[in-house]
Every structure is written in structure tokens, then in C-alpha cells.
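The following pair of complexes shares a single chain, chain A, combined with chain B in the former and chain C in the latter.
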Partner chain A sequence: MATTVETPPTGQRESRPAPPGTGRRMRSSYPYWFYLPAAAVYTALFLLPTLAAFFFSLTRWTLFEYEFIGFDNFVQFFREPALVKGLTNTLIYAVVTCGLKVVLGLLLAVLLTSRVIGRGFLRSVVFFPVLVSTIGVGITFTVLMHPSEGAINQVLSLVGVDGPAWLTDPSWALLSVAFVDVWKGVGLATVIYIAGVVSIPREYYEAAEVDGASALQRFRHVTLPLARPATVTVIILSLIGGLRSFDLIWAMTGGGPGFTSDVIASVIYKQYQAGFYGLSTAGNVVLFLLVSAIVVPLFWFLNRREAEA
Partner chain B sequence: MELPVRGISPRPSHAVTALVALTTVSLGLAACSPGSLGSSGDGDGITLSYLVPNGAEDVALAEQLAEDFSAANPDIAIEVETRPGGGDGDNVVKTRLATGEMTDVFLYNTGSLFQAINPDRNLVPVTGEEWVDAVDDSFLPTVSAGDDVYGAPVGSAMGGGVLYNRTVYAELGLEVPRTWDEFMANNAAIAEAGTTPVIQTYADTWTSQLFVLGDFHNVAAAEPDFAESYTDNGAKYATSPAALRGFEHLQEVAEAGYLNDDFASASYEDGLRMVAEGAGAHYPMLTNAISPMVDAVPDAAEDVGFFALPGDDEASNGLTMWTPGGVYVPTTTEGEKREAALRFLAFVASPEGCASQSTGQTPSGPYLVADCELPADAPTAVSDIQSYFDSGAVSPALEFLSPIKGPALEQITVEVGSGIRTAVSGAELYDEDVEKQAQQLGLEGW
Partner chain C sequence: MRTRRPNPWLSGVAILAFTVVFVLPFVFVLFTAAKGQQEAALLEFSPPTEWRIVENLRAVIEARDYLLVIAFINSVVLTVASVTLMVVLASMAAFVLQRRRSRLTGPVNLLVLSGLIIPPAVVPTIWVLQGLGIFKTLLGLILVEVAFHLSFCVLLFRAFLATVPRELDESAVIDGAGPIRLFFRVVLPLLRPVTVTVIVVQSVGVFNDFVNPLYFLPGEENATVQLTLFNFQSQFETQYNLLFMDILLITIPPLVMFLFFNRQIVAGMTSGAIKG
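For the complex of A and B:
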């Protein structure tokens, strides 16, 4: 069954590569040794570290030596007072950023696929923040969001609004970071949506127009359902991004003030910083399981609906 | 500017720190001691690489020591290499020691952080060296593990207490408080005069810890065996009335409205400028802040004084002291390099070394080496500290008496000072934080 190239063809039909999706079982088009280099790299850089992480999550580890302590790290990680806060914050952050990216991304995509002036330029402008370094964005917005000297509150005070202390008010800190995350990430969502919207055949719109559908109805009944694959991609990507988000939060608030904008990743990072290597590795295992537990069923659910639709 | 205190060292912005940490770690992994790449070709001379935290003060001090040492020992050159401060710096040091990539000599904390780098495996003992006898007895235990001594003091001792503006005090006719009630009375008078009584700067979270950490002299006065019992899982911050006072003091000043309006977003540099210029009267801080403060506002040398954090009892008023950082030789430095490195340590712990350090950095307190004098033109605040040492009213900070210091204290004190959490709840949370540290260290009874 294996080495296709070396096995002499037994019959003409068999020797031809099976067309995709029709064969009972895909036959490999390369000899196995061909996979070795990639497999070695994959094992050394991904498999071994993953297995090592699972192992060290069961130890108390100082980098110099370790002591096997079973599941104590996990018990301790779940007792962590900052963890509950971090978990809720992670979920809030992921849902808020993901939701806003879907809504804004779709609206921007509709705008940028219409016949607006300077469309190419506007598209680049929307995409530009995606290209900028996250840390740079974080530092810039930390300055812009300074409660008294920041540009945002100075502009707000011109129109008579007393802006909140964006990053230092416990009730605003997490949302402020989420807004910046949306500003930075909405470009990617828009591009995915543009691709989705553009691929919708014009005939549907024309047919709808002939039937007397208003612009709103065309959006609701043509664009929205037919851009569904794009929606699935955006939701999955931005949800995963939101769940494991760390760099922007760390650059802007460091999880503060106090613990009020901590997410799981920043809780883990602080444990690593403190030298609790085993504990933070256990935290990473938990984060891995959590992301899988949310994303795998969601992916399955969204794709199933897509197949039915 | 690295202090011998976990997490109470000024950090560059977290983001930058994280980046530098990444870069440094990957550099360390990629190339053996990158510092040796650009060695100044002195023919057959030896070049030692010297790793220090990347704060401007630390670098200036290190460069000055390197220069003066090479002047006295022309066959040895020293190349200063930098790493981030704070928790990221701890990781760089631990990682480089663990992978055998450490520089020939390096600067690191004393006390509890020193214990965490496995001195007996990673460092060269210096117990028999002549200069060890000249080093102050208060310093040696903080760089010792088992029966061996491993480091020489770099920099001067520091006090943790309150920097205060003497002009504000003179104008209002106030006196240096010796009890907490006097301190609060002064605050009331200052607030009435329209000046901010107490400065807090939570953009740099580590600055929030002083009310708790700097209060340890008062804790030790009330409960002399606190440190020992604390290490053995006995005494707790939440249940010991004396230890809880530090958290309560912070809550009191915050609730009384004595803090600057922008406490949540002000930075360490803002705080130094405010106390130096008299916009605020009190800034609880470590005295190594004197040097950058005088650099920023030269008049502060005259205008700013220092007093220890007052407690309940006037009779036991005294200073909580931090010992300076230490310079160590890793076991990976061998042969003639090791000999050169040991000569460098001997130079650091000598009167010539102290003089060199005074040139590189304004001292933050007395030197812990025999026959070392403070320069005559030292700022007022430095002489204020000296007077506590002269009268002997000095206790080492808790982290030099116990290996345990919880890493989350700075976030907890930010919450207490911001009114997000009460003092009692903060102390309880800190006790939980400490438990993790104790377990990580494998201490008995936890």
C-alpha cells in the first residue's frame, strides 16, 4: 500500500493518481523518506517541547532541577485568586473583540466593495494597523489614553466631555485595551470579508433588485448569508486571538491597575516572571485545553451549519 | 537601576523589558557571551565580560568601575554587558546560568533572590579572600549560602522610608515625624496648605510597596521573631497586627485623600520631580532614588531630606535597610579569567573601589566596606540616612532575613492604594502569594 513510486504499477488504472476526494484512501505521491526532514523538524521543534511541557507541568521546576509533584500545580493554579478574574477577563476580552471585529469588519467590507472614491487607498488605510508592531501600538495608545495629557481626553474636553481615565480606571482598563485591539485587528477581518463579499455572484443582487429588494434587504438576505464562510473564518481567528491575547494587554496595562485587567496569559507570564516555572507551564497546559475546548466545538458547529446551509 | 529587592527595582516599561528579555535570551543562546565579540585587542590581555542591569545608574556605575579597575590593572579589560531589570532580568540571569552562558562576572541581587540562583552549584566561593574581612557583617549573610561567601558589595546601603521636601516643612513649621500619628498630623497640615501630602506613582507598580516593605523595622521592633516565624509558616501578614499596619497605613493615606490626583498614571520620574520641586511633600521611596532625583532637579540635593517610615512607638523609631547588590563569579569562568575576576571583586570591595563608585553614582547611603567614606558633598538625604546608621537604629529588610518574598506584592499594594481592595484583604492575598514562593523554594513546613 505504501511506497507508490517503488511499487511497480499493477494496472494502468491503479497507477494513475486518484482524483481528489474519490479514492477510498489517498495514496501518497512521495516516498516516505521524503517526509523525514520535515518530520525531524516537527518532532524537534513542536512535538518534543509539547511533551516536555506536559511533563514539566507536573513538576516543581527551578530550571536547575525539578521535583515531581503530580497534579499539585494544577490544583494551585485553579486556587489562584487572580485566575477567576483572569478567566472572566479573558472571556470578556475575546467576546468583545471578536464581536466588534465581525460587525465592523463586515460593515467596512461592504463600504469598501462599493464604488467609493479612493477605494484602493481606503482599503490600505484600514489594513495598515495590522502591519504595525503590537508593542508599538500599545505604547502609542498608552500615551494617547493618558487621563490628563493624552490626546484622546484633550479632544474630548474640547467638546465638553470629561473622558474617563482609560487605562487606570479599573472599570475601563480592559475595555480600553479591547478597543485598541479592535482598531488594530479589524483590518484583517475586513480583508477576509472583502474577499467573501466580492466572491458573491452579482446575479443574486441583480435578481434581488429585480424583485424589488431594498438595499437593507439585499444586505440582510444576500450578503449576510453568502458571506458566511468569511464570518466563520473571522470568528474563529479573532476568538482564538482574543483568548490567547497577551502582548497588547501587557504593553498597555501590565494586567493593572492591580489585577483588574489580567487575562490568563498575563497571569501565566507573571508566574513565569516570578520563577514558578512548573506552575506557569501548568497554566499553559490549561490555556491550551481551554482554547481547544472553546474553539474545536465552535469550529465544528459553524462548519456543520455551513454544510447544511 | 537594580536593587537587592525582588520587584522593587525600577523597571523600564514592561513592553520594552519583555522585548529586551527575549532578545537577550536568544542572543545568549545563539552566541557564547556576545560581549566578548567586540573585545578591544589588548594583545595578550584578558577581557572580562560583566553583566549588569540596563538602568542608566547601574550602567554608569559599572562603566566607572571598569575604567578605574583597568587603570589599576592594565592587563585586564572589562566589557560591560546589559540585561533588563526586574523579573525579566531574573529570568535572563537564571537562564544564562542554567545554560552555562553567563558572563565572566555579573551583578545580581543579594538576599532572597541570590538564594534562588543555586549559589553552591553556579558560583565560585570567595570565602577565603582577604577583602572579605573588610566587608560589613550586615552584608555577608545576604551573599552567603551554607558556609561560603559568594559576592562583593556593589553600591552603598539603602534605606526604605520617606523622601520629604524640606522647603514645604520649613514653610509650615513642621518637624520630622517619629510616630505614625505625627505623620498623619503633618499630612493634614500640608493638605490644608494646598500641597499634596503623599505622592504615589502607580504607572511604575513597584513604587507602591514602600509602605509595606519599608515598615519592617517597626514590625521587627514589635515582634522580634517575626522573620523566623514567617519563614516557618507561622506568622502571617494578615494575622500579625504589627505586619498588617503597613497595609493599613497605605489604606489610611489613600482614604484620607492625601494622594496626588494622578497617582494611578504618574510614573517614578514624576514622583521624584514632584517631591524635589515641592508639588508633593512626602514620597515613600528607597534612597537609591536620590541620585536620579538630584540629576533631574539639582536643587533637590539641598531641598529633599529623608526619614524612616514612622510606626506606633516613638522609642523604636528606626530605619529599614536594603543591602546593595553583589558582584559574583560563575563557575563557568575558569583559569586565568577566574583569577582576573577575583581581582575585580577585591577591587570592588576596597576603599579605591568605593571612591570609584562614588564617582560613578551618587551614593544612596553608607558603604558596607571598612574604611570607605562618603564624599563630602553628599546630598542632605544621604546624610539623614547616615544618622540612622550612626545611632544603630537600623534593621535589614525582611527579604534579607527570610528567603520568601511573594512576587505579586506590587499589584496588591496598587490595589490597596487605589481603593480597589482593603488592607486586610490585601494582606490575606499576599499571604497566599507568599505560600507559592515558599513551596517553589522547597522550604520545610509549607
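For the complex of A and C:
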């Protein structure tokens, strides 16, 4: 009897074989047709389109008829400056947002697990923007970041700093959106890190303290390595989110000025609007390959290192 | 970190900084939403000289033949229907996935993970929806939301199911329960905590979703709240007070969720995340 009980913490990684006999004996209680409703919706509206994308990316397509044109769409994707810009911007955006979320998320989590007054208030306040409409946040910050009238530059000018034109300056537009993305998303990174930091046994800190480790050394040699699973999660999640990101950019700059803040997802939308369905779908395939090429090896690498350590 | 008493200096600085960075933008929304048209156009961060909340509220609701009311109804229908479907479909799939180890387990797990990572292909999805005759319908969008969020729900349910003892299934089966009775009468009620988490997290996600309605439910008359807000941006260019009143209205449902279910939301987002 005891063998049939699952051990919760390892239950997520189903690498161990099931106890012999269990599956057969219980067969009728766990029928495969329970998969069916979920599988039908998932296959029709997710798997099928994903596979079809590979074919239609090689065509000139009107939704009703298509003409096979080989790799022309991809050639265009990597040749036209506006589209190449979208590709590099996607990478910059993902790396900047991911990096800032990791660093700020960890620092905020350390602060919010320490003894500060008003900890509950502070945690709620950091997390709330995660739940707010992205479009609403985008519009609010578009106004706050207005080059001359906006509250941010008004405050900066009070302390004698001449703030940049943020969203209307081509060299700042993408970064400005990335900052707002971090403002909205850092709360999620923080709560993940808090969960990680809280799970570190107190004894480690006490032992380090007895050995005379300073606060900085305790952070460097206890918190940082032991919060590693949280770091992995934050990196993976924010990279996936950053690479796909569309709504915030669309609400704040629409890819502008010009196409200086376009990312792949906004290129996909623009080509779709313009009726270039084949090219738009090629963009989807590029995004798919980019996400897989970055996230899958990273996932494998980070989890491997974790297993060794 | 190890000091016994809170550090008042650090606490003061933290509270001040957090308030400025994370609270003031919402105060700005509130102030601007309560201003008159000319005052709001100055984009200043100041309390309104005259609070006009009720007038602005009425104006924004009546705008374009009560479009916002229709959008709210659409969004609520979309959220309730898709989240209900997600809970039923995902919990059933997770139940078999967690309980029955077989040759299918590996491939199914792989499919679940792909659902988290792969960005959905837009135009081919429209092509499928059109083939099924449900493009530009609320039903089509509901099914799309279900398909795109299913993976995350399955992961949450599967993790929780691992903590529900199998002996329970066995005794129910001995008492003569078939698979349907076993799942819906015995197991599903035990999944209540994780079900609440799934409902809350996904409701906020679907309600705030902008991209999928933009692609799969175009058209004025069946807009959702996020689309309406986006369209108001160009339309109310000179009426910032009404634009921000709209933002304020759209922020209220997540705020209510947050006040009541803060713990479940955080639990769901962190636990689901750690599996990803």
C-alpha cells in the first residue's frame, strides 16, 4: 500500500518508472479519454497552427489560396532593414528586461525577507502592477514619459537633469518601453525570489554568522547559490516573455519612431495588417526558432548545472 | 539581515522609494481621471482643482453608444467561459497524466511544456478558426484562450494531484465508483485550493489579454475592454480625463481579485513558475 503514495516534492519530475502493476490494476479508473477534450482544443488551435506555420511560411498566402515560393519570405526577413531591426530589437529587449528583473528581483526579495517595517505593504505594492492591464500601464507611462510635459522629466528637471525624450527619441524608445516592462514585471520576479530565499534553512545563515561572515559574504555565499532554482525560473520566464513581448510596445510606441522600436511580434502584426500573411507567418516561425534556440539549451544547461551543484 | 530589530532608516527609505515608484503612477491615474478636460490636458501631476469623478464616469460609459458596457459584458463572458473550460479540461487531463504512467506520459509532458514555450502562430490559427467557421466569434476566442492557457493549468493541477493520496481513489473504486464518479465526485472536490488558484490567476490573465482579442475578435461591436481602451487612446487624444477614467475602471477588477486572493495568486504564479 505504501508504495502507491507519491512523494510531493519529486512528483513534478516523472523520471522514475511507475511501481509495477499499478498502471494495469488501475487501468479502468484512469481512462485515456479524459485527455480527449483537452487534446481536441489544444491540437486544433495550437498544435495544428504551429505545424501549419512551417508550411505557410514558404508561401504567398491569402488565407484562401497560396502559392509556394520557397524561402523567399525568410530571405526578405533577413534582408529588409526594418525587419532585421525587429530581430535585433527583440534580443536587446529580452536581454535588458531579463537582466534587470533578475538583479532587481533578487535585491528586492532580500530586502523584503529582511526585517523591515511594513513588509506586507511593500510586497503588495511591488506585486500589484503584475495584475494590471498592460495597455493601461502603457498609456499611463506614455503620458508620464512625455518629453516636455511628462511628470518624469518635470521631476528630473527639478534636480537639474535634462531627461531624454524617452519614447520619441529613436535611441531611447526601445529602452524606455523595456524599463516600463521591468516596472510592471519585477513584482513577479520578486515573489519567485522571495519563495526561494524563504526556503533556505536558517541554520546556514547562523553557521555563516558563527564563522564570522559579513552580511555581504552571507549574501554572496549562502543566498546567491541557494536561490539558484529561483534564478533559473526568473531567467526562463522573463526571457520567454521578453522575446514574445508585443502589447506594451504596441501601446506605447507602435514600433516607432519609424521602426526603431519594432520587435518580431510587432512586425508579425504589421505584416498581418498589410495582408502579407505568408511573410507574417514566416515571422512567427523565426520567433519560434529564436525562442527555442535560446530557451531550450538554456533550460537544459541551467538545470544540469543545478543537478551537479 | 540578522539584526533583531527592524532598521528604521532602511525601512523609511524603502517605504518612500516604493511609494514613489509603485504607488504614485496609480495616484496619477486617479487624479487625471477626476479632472476636467482642460486641466487633464496639461498632463500635470497634481490633485484636481475640482473632483469630477461622476461626470467623467458617466461620459466614458455613454461614449459611443455605451460601447464600454458592451465591452465589459464581452470580457466577462469571455473570462468566465474560458476559465471554466480550462478548469474542467486541464484537471481531467492532469488527473490521468499524474495517476497513470505509460508510454504516453513522456510525450504528453513534452506537449505540455511546448505549450508554455512556443509562441502561438497567429495567421495559421485564424486559418483554422475560419475553417471551423468560428473566426470573429466570441466562441472562437474562448477556445483560443483555452488552448493557449491549458498547459499552465495542467502543470498546476498535476503538481497538486501528486499530494492527493492514491488510497482515496482505490477505496472509491472498491465502493464501486466508475472513472467519472471517481474524478468529479471524489477527486475534484479535493482539488479546491489549486482550482481557486487557477481560476484567479487565469481570470486576471484572460481579462487583461490584449493580443488574442486583437487578432481573433476584430470588429467594433464585439470589442473587449482591453481593445476598447486601446482604441480610446487614439479617439480620446484630447480627453485625457476620460482615457484615464477608462484605465481606472479596467484596473478595478484585478484590484478586487488582488485584495481577496493575494495569497492564491502569488502561490499560483510562483509554484507554476518553478515547474516551467
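Everything below uses one rule, namely that the second predicted complex is superposed on the first by the 279 of 309 C-alpha atoms of A that agree within 3 Å, B and C clash if a C-alpha of one lies under 4 Å from a C-alpha of the other, contacts with A are read in each partner's own complex, and residues count from 1 in each chain.
The rule is short, and it goes like this: a contact is a pair of C-beta atoms (placed from the backbone, for glycine too) under 8 Å apart; a residue touches a chain by one contact, two chains touch by 3 or more.
The model shown is predicted, which means the values in this text are computed figures rather than measured ones.
Engineer: Does chain B (first) or chain C (second) touch A:P170, or do both, or does neither?
Structural biologist: First partner only, chain B.
Engineer: Please indicate which partner A:K270 is in contact with in the superposed arrangement: first for chain B, second for chain C, both, or neither.
Structural biologist: Touch partner of A:K270: chain B, not chain C.
Engineer: Which partner chains sit in contact with A:I117 here, chain B, chain C, both or neither? Use first/second/both/neither.
Structural biologist: second
Engineer: By the touch definition at the top of the document, which applies to A:I135: first (chain B), second (chain C), both, or neither?
Structural biologist: both
Engineer: Return first, second, both or neither, reflecting whether A:G99 touches chain B, chain C, both chains, or no partner chain.
Structural biologist: Neither: A:G99 stays clear of chain B and chain C.
Engineer: After the superposition on A, what does A:T260 contact: first (chain B), second (chain C), both or neither?
Structural biologist: So A:T260 only meets chain B here.
Engineer: With the two complexes superposed on chain A, say which partner A:G241 touches: chain B (first), chain C (second), both, or neither.
Structural biologist: In the superposition, A:G241 contacts neither chain B nor chain C.
Engineer: When both complexes are superposed, which of chain B and chain C contacts more residues belonging to chain A?
Structural biologist: C
Engineer: Just which bits of chain A does chain B share with chain C as contact spots?
Structural biologist: Residues common to the chain A contacts of chain C and of chain B are 63, 135, 139, 146, 247, 250-251, 272, listed in rising order.
Engineer: Can you check the complex and tell me which residues of chain A touch chain B?
Structural biologist: Spelled out, the residues of chain A in touch with chain B are 60, 62-64, 67, 76, 81-82, 135, 138-139, 146-148, 165, 167-170, 247, 250-251, 254-260, 270, 272-276, 279.
Engineer: Going by the contact rule at the top, pick out the chain A residues touching chain C in the complex.
Structural biologist: Listed in rising order, the residues are 1, 4-6, 8, 11-12, 14, 17-18, 22-23, 26-32, 34-35, 37-39, 41-42, 44-50, 52-53, 56, 61, 63, 110-111, 113-118, 121-122, 124-137, 139-141, 143-144, 146, 149-151, 154, 183, 188, 191-192, 195, 205, 209, 215, 218-219, 229-230, 233, 236-237, 240, 243-244, 246-247, 250-251, 265, 268-269, 272, 277, 280-281, 284-285, 287-288, 291-292, 295-296.
Engineer: Give every residue of chain B touching chain A within the complex, in rising order.
Structural biologist: Touching chain A: residues 13-16, 18-19, 86-88, 90-91, 94-95, 97-98, 116, 118, 121-122, 202, 205, 262, 264-265, 407-408, 411-412, 414-415, 418, 420-421, 429, 432, 436-437, 439-440, 442 of chain B.
Engineer: Across the complex, what residues on chain C touch chain A?
Structural biologist: These residues of chain C touch chain A: 1-8, 10-12, 14-15, 18-19, 21-23, 25, 28-29, 32, 42-45, 85, 88-90, 92-93, 95-102, 104-105, 108-109, 111, 115-130, 132, 143-144, 146-148, 150, 154, 158-159, 162-163, 165-167, 169-170, 173, 178-179, 182-183, 204, 208, 210-211, 214-215, 225-226, 229-230, 233, 240, 243-244, 247, 250-251, 254-255, 257-258, 262, 265-266, 269-270, 273-276.
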